[in-house]
Structure formats: C-alpha cells, structure tokens
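Chain lettering (A, B and C) follows the sequence in which the chains are written, and residue indices restart at 1 in each chain.
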Amino acid sequence: MDLITLEEIRRLKARYLRCVDLKLWDEFAEVFTEDAVAEYDTPVLGKTLRLGGRDAIVGYMRKNLGPGKISTHTASSPEIDIDGDRATGIWALDDSIIIPESRLLIRGAAFYHDVYRRGDDGAWRVEKTGHTRTYEYMVSLDDMPSLRFTAGT
Amino acid sequence: MDLITLEEIRRLKARYLRCVDLKLWDEFAEVFTEDAVAEYDTPVLGKTLRLGGRDAIVGYMRKNLGPGKISTHTASSPEIDIDGDRATGIWALDDSIIIPESRLLIRGAAFYHDVYRRGDDGAWRVEKTGHTRTYEYMVSLDDMPSLRFTAGT
Amino acid sequence: MDLITLEEIRRLKARYLRCVDLKLWDEFAEVFTEDAVAEYDTPVLGKTLRLGGRDAIVGYMRKNLGPGKISTHTASSPEIDIDGDRATGIWALDDSIIIPESRLLIRGAAFYHDVYRRGDDGAWRVEKTGHTRTYEYMVSLDDMPSLRFTAGT
C-alpha cells in the first residue's frame, strides 16, 4: 500500500474543495491537469454539466460561484485505488449552496468519482472529477422568516 | 503504529457507509463478520435497535432503507485503536433520512463505537457497530412549502 | 513525509471535537498546551472570541456549551504541514449549535487554522486554534412548527 500517495491524493482533494468554498480560483486551477474533465450531476440545471479542460472548469466556477454565492463542501469516506501514475477516488459529498440575495438554499449529497494523475514533476492532479447525486433539494429561505445571517453576506 | 491497518479500517467504514447510502445490500453484507452485532440508538423508534448476525443487519437495512428513503451518512474524526487482529473505532456521524413520500426529514448526529476483526483471509470486517445519539429531530417537509426535490425522488 | 505525525495530529483534532460535542471538559483540557490560544470567529457575538490559556479556553466552553446546548462539529479535508515539533493544520468545519429551550438553531461553516506543538513527552497538543467563517445563520425552530426532538433534549 502506497501510504504517501494516499496522503497526497487526500490533500489534493482537500485543496480542491477549500479553493471552491473560499473562491481561490487561481489556486483552484493548480489542482487540475490541463486536459481535465469535470462531470457534475446538476439536476437543478436539468442535466449533467460537462466541462472539458482546466480552463473551462475554472472559468465555470469563477463565473457561477462568484461573490454572493456561499458554498460548503464536506467530503468524507474516501476509497482510493492507486495504479502507477493514475489513481481513482470515490468520496461521499454533503454540500450546500446558499444565495442570500435570491433567498435560496440548495442542499444535497452525492458520491464523487475522481481520476488522479501524477505528472512528470511528481505532483498529483485531478484528471477527471464528477459526481452522482443521492438527493438534492431547493428551498426558499422565505420559508424560515426568522432566519438571519450572522456571517457570509 | 500500524499505518496500513488504519487505512484498511478507514476504508472498511467508507465502504459500509457508501453501501448504505447507495442501497448496495449484497456488497454491504461483505463488510460484516457472520456473527456481527449492530446496536443503533434509534430514538425515533423509542429504543436501541439490536440486530444479531450479519443476515439480520443486512435484512433490516434492506427492508427499512428501501427505495423511497434517502439516507446520507457523513462520518468524520476517527479514533482507531488496534490490538492484534481486533480494533476499535470511534467516529462522529452526521446523518439524515429523508422520506419524500411521507414528507419527513429525520436529522441527527451520533458517535459510532465499532469493533473490527481481521479474518483468516487477512481482511478486516465489522464485528460490532453501534452509535449513541447526540441529538435527533424529525420535521415535516410541509413546514417548508417551497421545498422542491431536484434529485433523489 | 512523517506519516505517524499526520495520524497523531488527525487523532488529536478528533479528540478535541469529540470532547466538545460530548462535553468532556476534563479530557478536553488535555488536548491543549498550557499557553494555548483560541480565536473563534463568532459573528453571533459580533466579534472574534479570543481566549488566552488552556484554562480560559476550557472554562469558556464549560460555561457556554453546558447542558441544554447541543453542538455538532464535522471537520474534514485536513491540510497538515509538519516542521519539526510544530505543525499547522487547516480543516473545513461544518457545525451546528441547537438550543432547544431557546428554540434556536445556529448553523454554519468555517475553516480552522490550527498550530500544534509536540511536548517533551512526545505528545502533540493544540497550541493555537481558530476559525474563519464561510457563513453562519440563526433561525428559530418556531419556523418549523412540526419539529420534534427524538434525542438530545
């Protein structure tokens, strides 16, 4: 068992998720291979969102998770398999998107199916990421009239 | 410190939880010893649910978490102690059960107390699992009239 | 990569969080150095809460998270860097505080920024902990009139 690679891949995923939730888009780009592909199950858009290439992935996130949209991603229960310079990872995801201005909360869970690749520089990057939803719902914050943000807005 | 066993046990728990949330009951059976015992603190039923034997555990889940019931289990903060071919594990759990047809959401947190055993084949399995609730509540989705599922139903 | 130290620090954090959520204040004291500092971003109080010294941290928690207040802390995505007998750790946090008697739910997410120190006895302890909130909101449980606790009260 390649324990060091396991740590490197867990840390790569941690960085990926932190960059999304803190909107660190320049650093976010560093986690992907140039030819990376993302396939997010996005039922709220009525489809699977397919993004080809690092620039498309980063550009999409930069545009669609900009200021005014709060996201939190909790990834747990990794199942990582390493095969030379490639590896796969399954993760449980629990996520929320909150758009205070639109009074909207999107809440859900999913399983990620990732592929990682080790570059010539020895660093692991995300070659493919995608998730399949267990559930997702949208609800208006107006259903909870007492709700008051104390941070994030 | 036996780092490889730590990884094996974390992965065993990940597989256990993934099989529950994806309803993979045949694979779920593989995580348990034949004589496994489960004791779930299930206040919504007014008692601790005690299941003796792998078949009883799997049968209960298959029956009670069937199609139409969404579950998500986020386990974090493992504290694992290994003693030869046995090990114990404490995990923090954050879980939800959603039953759209009954308009019901059950939400809670708990701490798992698990016992794991290494078999003659070298594989770790769950010999005992159980959890004690920090809290649990039930709420009707009718309290959030705007709530609309976009996946999972 | 010092894999054993990584495990020790993850376990230290797990113990810290379990002690908070189970209100094990005597054991909670053991995770800190005597000169530990905590800086929690606590917008609900309108400020960053700064606590200097192990006794101040433990005393604050003992007083403010006593019986009648339910807390759950889910920490994920650690990014730990070790430098000799010191280490830093970033963690994603998803937390809730529920105060049934006040009919109050406080929900939020944050990123922890911790510093750990290895003592002369070889044990790692928290020298500094703090978090910055991604978001936080308060909501009255009266907005969900059907909500009924089945555990934790």
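Keep in mind that, in the parts below, a contact is a pair of C-beta atoms (placed from the backbone, for glycine too) under 8 Å apart; a residue touches a chain by one contact, two chains touch by 3 or more.
Please read all numbers here as calculations on a predicted model, not as lab measurements.
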Rotation angle (°) superposing Cα atoms of chain A on chain B, nearest 5: 120
Copies chain A, chain C: same or different interface, half of numbers shared as the threshold? different
Whole-Å separation of chain centres (CA-atom averages), chain A against chain C: 24
Can you pull out the residues of chain A that are in contact with at least two other chains? 3, 74, 76, 94, 143-144
Under the stated contact criterion, what part of chain B meets chain A in this complex? 3-4, 7, 10-11, 13-15, 17-18, 21-22, 70-76, 94, 96, 98, 143-153
Which residues of chain B touch chain C once you look at their complex with the stated criterion? 1, 3, 6, 41, 43-44, 74, 76-79, 90, 92, 94, 106, 108-109, 111, 133-140, 142-144
